[in-house]
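Same chain, two partners: subunit A is paired with subunit B first, then with subunit C.
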Partner chain A sequence: MSQQTDRAEQVKRLQRREGWRRRLPLVPALLFTIVVTQVPFILSLWYSLTEWKIVPPEPRNFIGFDNYVDLLDNRFFREAVWTSVWMTVSAVLLSLLLGTLLAILLDRKFFGQGFVRTLLITPFLIMPVVAGLVWKTQVFNSSFGVLNWLLDSLGFERIEFVTRWPLWSIVSVLVWQWTPFMMLIVLAGLQGQDQSVLEAARVDGASSRAMFFQITLPQLRPYLELGILLGSIYLIQVFDYVDVITGGGPDSTNVPYFVFQRSIGGGWQFGQASAYSIVVVIASIVIATFGLRVLSNLLEGEKP
Partner chain B sequence: MAEVRYENASRIYPGTDIPAVESLNLDIPDGELLVLVGPSGSGKSTALRMLAGLEFVDEGSVYINSEDVTLTPPQDRDIAMVFQNYALYPNMTVQANMGFALKQQGVAKPERAERVQEAARILDLEPYLDRKPKNLSGGQRQRVAMGRAIVRRPQVFLMDEPLSNLDAKLRVQTRTELADLQARLGVTTVYVTHDQVEAMTMGHRVAVLKDGILQQVDRPRTLYSRPVNLFVAGFIGSPAMNLVEAEAGGPDGVRLGTLALPLDEQVAHELAAREPGTYTLGVRPEHLQLASEGIAGEVTVVEELGSESYVHVAVEHQGGSLLLVVRAEGETMTQRGDNVQVSCRGPVHVFASNGERIGA
Partner chain C sequence: MEVGKKRAVSFLLGLLSWGVALVFFFPIFWMVLNGFKEEIDANTDPKLVFDPTFDRFDEVTSQTQGLLGFREAFMNSVWAVSISTILVLVLAVPAAYALAIRPVAKWRDVLFFFISTKFLPVVAAILPLWIIARELDLLNTRLVLIILYTAMNLPLAVWMLRSFFSEVPKELIEAAQIDGAKLRGQITSVILPIVAPGLAATALLCVIFAWNEFFLAVQLNPVDGSTIPIWVTSNVSTRGNFLAKLSAASTLATLPVVLAGWLAQKRMIRGLSMGAIK
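So, the complex of A and B:
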């Protein structure tokens, strides 16, 4: 009997060693990640419970949850939250819609398909700041912008787009950049479809419309959900576009930009800003948890 | 209820010169189960898909009920198809899968449910109506695919290797059930398979294809006893016919070494009129036997199947070694290494150098 427990011990030890042998190469990356993300996060948690102003330098005071309580009263914060919600939701949904339409077109065979696909992906490859600057100075600008040149040559009055519709100006740049991403995800879904299922539907007498809405779209669902998830996680943190295009202001200051304004962007209220950012983190975690469930469903669904 | 006709129907895939199916002519009467059989790449699936409308017909025409459907889209042909991987709609329940075609036709919900119920009863699917395909076993999925076809009461059933994803035992069982179901419903059926045993057991008639060309279409028995060419002879029958090259022609008859081989009268007659030369002889394993005298050889393998056994015998032929498969009793005493004599009792098929059968 003791021999058996010995054997069990041995097996366990071997398994442990095997486990470490696999994990070991990941340790440096893990340590690095902890140092650059988790340590600052814990510090932020601590800062968010203090009142801490740097310019002019003042001593740090522990004030408990006052920063969080103040948040609820802060009209600017509430506006920033709404701007964030609007910006994220509209950009994600619009880019998903456009991306799906383009993916359906790209799913067909035509001459120059590869070339067109590459062109359509290009916006996604451009750096956010560059995209923001290009749109601001060459599309929206009232003197040099393409849009205004168009309006002018059609005989309409010039419009200062960014001033008049700050939120929608940013959203259109976001949609322009994120449509290719959504398109690629949906295209993968379309091309992963079982061709014989579509053939079966045709033989069963389905019209093209019925085929799309009753067969293709339900099968695309996990891909659409994935697009929404990844898009939301990225777009809720948008900062560069806001900074470059409008530089804040009513209707375009989202939460990340608000945090920036309150801290290194001129407010220097690090305690308060930390509390804001903690709220953003919690919101992101909620979305991500929700989304990861979707993702695992997707992977599960692929098993036969 | 319908008859199907292929008239010189060809399919040439874009980018190739060689037709996948070349001038196919086939007449399928009402209620028949016709099996298209051939090795992979023989064009049997393409021929089926041409009838389904999933493949263009580049030349010739296809008729269902003497109506030209060559250019009719699949949804207007009133056919039902069972796919090799079943192609069930993954997002729908069994019930919705089976009712999908009726829904497209605008059949009212109560009637739809009734017809689905009826089909489910025939196929023993009633307990699974609310499940999704991914929660079914392979055999159940296969039955759902069948159900989806019979619910529609179509003119023609098209089946593209419907049993090849099942395990061996279930395949044999389903084979009989399917043939029985087809006979009961009496719906004209075109059935594609690469398995010649399936073809022989199920088909009222069997059409053998090779490289897109129809070789022979006939009742299974005729296909077996009178193959029109070397390809059909070698393809039909398991284990395959022994094919041996030998000198023949003229009045001397046919010999394999010292062994004189029996011929049908007609074959002998026609062969006598031909030039002597090299011909291919075909002998079924059951027409060979281990005997006290005949051509001598050594046993290399014994395959015991219980009811019978197949003895592989290496004999000397034209200076080389030749392997003959001989059918023997189930309880044979023969072992590897034994020296045996093989004699022939059945009629031998003779094929000319171009592969054509000699003697109709």
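So, the complex of A and C:
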């Protein structure tokens, strides 16, 4: 009797040991990630409930949710939220649309296909700061920009794009950089298609348009969703482009840039700025909830 | 007739692809070209024909007392990027092993936790990070960037490596076990050779993201320890013409990553889709 319980306990102990042996390799990465990403976030939550000016240093006061109440009345913050929404949504959708079209163009054999693909992905590799500066000074610029030279030679007025349409100037650069990314994802989807289904449809005499909308597009759906998810997560955090193209201002200050202006960029209002940044977190959680579902669909059925 | 028409359409579509690609590439071509111009040739209506010169490259790489020099920024970048990438791999390889080869019970949840930290915007962490870095005297040091770039790339690396590791056939590992290979032997003789290309692609993506990173660098290291992206912006001046100089600086700053990306483009797609898509 007691021998049996001993044995059962031994088995349990061995199992537990095996469990820990499996978990052990995970521990360093998990600990590091929790300390460096979760702890600051919790501190941010705490800061957002205080009134705290750093330069010149003032004592920190706990003020509850006052920062959040104030933020609803803050016109500049509301503008920054709208700028963020427009910037993210338009850049993601435009680059996804362009990227899909390009992927369809590239998903066929033609002379120099590999070279064309290489040219097309290059914008994505360019350092964001450089992309912003090159477009601002050499494409959009009213005196030396290529675009304005083109307008001029076609007989139109020169336009200072960046001051006239700050938001759309930034979105253009974002689309230029993210179209190749979307193209690569959609291309992977196109090339992973089940060829036998397409062949069967062709034999049945389906038109290529019907085949695209009824077979290809549904198969591409997870890829398009992945593109939207990754694009939104990165683009909602855009900072570099705003900094080098306009340096802030109406119609171009998004929430991350606004947080910077109100804190490290000179405002030094860490309490208030933290409350702003928490709003970005809430938006990200909304995207992530959608996103995690997409990802878990992709992982579904996959056994390690 | 039908075949001829099809061929013509196919030719036109090929031509269209070329046209779009050239338009997309044009700003980069233009940037490189402007780097070889005199300021006077760059600051005028676009010119294709000019006397090429390396002077701008000499100018931007020469040292000026008290200003952030190219060599200093380059070395800072190399340090931050290489050490953080090595750290990422050291942490991510065992984690991927525990998620794919001998998986823990709730491997899906753990994987989701890693990737969900990528959903947390950096801006929500920057203020506490700045305060902590200031308290620990880490502002304007390479170390703070090394730590943060490691954290920034770790989830991506875990995610990608798990997908590469899960492709190692279980039978091979079991066979090695039967042959009496210890854990180390299994890893070096069976697992590593199979995942090596994936490991390289992962490392490359970490390098690209860290090399191009600007937000954390400008907040935490604006003075000393500044990296290449900050050096590029320092070539914009409010006085005088700087277009050719800025182009030369931009070319130098982007060259390493563009070359690396070209070499690895086929594998990169997999990394960018975070290994979720095979």
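The rule is short, and it goes like this: the second predicted complex is superposed on the first by the 287 of 304 C-alpha atoms of A that agree within 3 Å, B and C clash if a C-alpha of one lies under 4 Å from a C-alpha of the other, contacts with A are read in each partner's own complex, and residues count from 1 in each chain.
Everything that follows uses one rule, which is that a residue touches a chain if its C-beta (ideal position, glycine included) is under 8 Å from a C-beta of that chain, and two chains touch if they have at least 3 such contacts.
Please read these numbers as outputs of a predicted model, since none were measured by experiment.
Colleague: Overlaying on subunit A: subunit B and subunit C, fit or clash?
Modeller: fit
Colleague: Would you check which partner chain A:264 touches, where first means subunit B only, second means subunit C only, and both and neither mean what they say?
Modeller: Touch partner of A:264: subunit C, not subunit B.
Colleague: After superposition on the shared chain, which partner residues are touched by A:74: those of subunit B (first), subunit C (second), both, or neither?
Modeller: Neither: A:74 stays clear of subunit B and subunit C.
Colleague: Given the touch rule stated above, what does A:199 touch, subunit B (first), subunit C (second), both, or neither?
Modeller: In the superposed model, A:199 contacts subunit B only, not subunit C.
Colleague: Once chain A of both complexes is superposed, is A:116 in touch with subunit B (first), subunit C (second), both, or neither?
Modeller: A:116: touches subunit C, not subunit B.
Colleague: Which partner, once the models are overlaid, touches more of subunit A's residues, subunit C or subunit B?
Modeller: The larger set of subunit A residues in touch belongs to C.
Colleague: Answer with first, second, both or neither: which of subunit B and subunit C does A:142 touch in the superposed model?
Modeller: neither
Colleague: Vertex at subunit A, arms to subunit B and subunit C: angle between C-alpha centres to the nearest 10°?
Modeller: Once the structures are overlaid on A, subunit A sees subunit B and subunit C at 80 degrees.
Colleague: In whole Å, how close do subunit B and subunit C get at the C-alpha level once superposed?
Modeller: Between subunit B and subunit C, the shortest C-alpha distance works out to 9 Å.
Colleague: Jot down the residues of subunit A that show up as touching in both complexes, subunit B in one and subunit C in the other.
Modeller: 304
Colleague: Under the touch definition given earlier, write down the residues of subunit C that touch subunit A in their complex.
Modeller: Within the complex, subunit C contacts subunit A at residues 10, 13-14, 16-18, 20-22, 24-28, 30-31, 34, 42-46, 91-92, 94-95, 97-105, 107-108, 110-132, 147-148, 150-151, 154-155, 158, 166, 208, 211-212, 214-215, 218-219, 228-229, 232-233, 236, 243, 246-247, 250, 253-254, 257-258, 261-262, 265, 268-270, 272-274, 276-278.
Colleague: Which subunit A residues qualify as touching subunit B in the complex?
Modeller: 194, 196-197, 199-207, 210, 214-215, 218-219, 221, 301, 304
Colleague: Which residues of subunit B touch subunit A in their complex?
Modeller: Listed in rising order, the residues of subunit B that touch subunit A are 52-54, 73-77, 79-81, 83-85, 87-91, 100-101, 104-105, 134, 148, 152, 158.
Colleague: For a test of understanding, state which residues of subunit A touch subunit C in their complex under the given definition.
Modeller: 19, 22-26, 28-30, 32-33, 36-41, 43-44, 47, 102, 105-106, 108, 110-113, 116-131, 133-135, 137-139, 143-144, 146, 149, 176, 179-181, 184-185, 187-189, 192, 222-223, 226, 230, 233, 236-237, 239-240, 243-244, 255-256, 259-260, 263-264, 270, 273-274, 277-278, 280-281, 284-285, 287-288, 291-292, 295-296, 298-299, 302, 304
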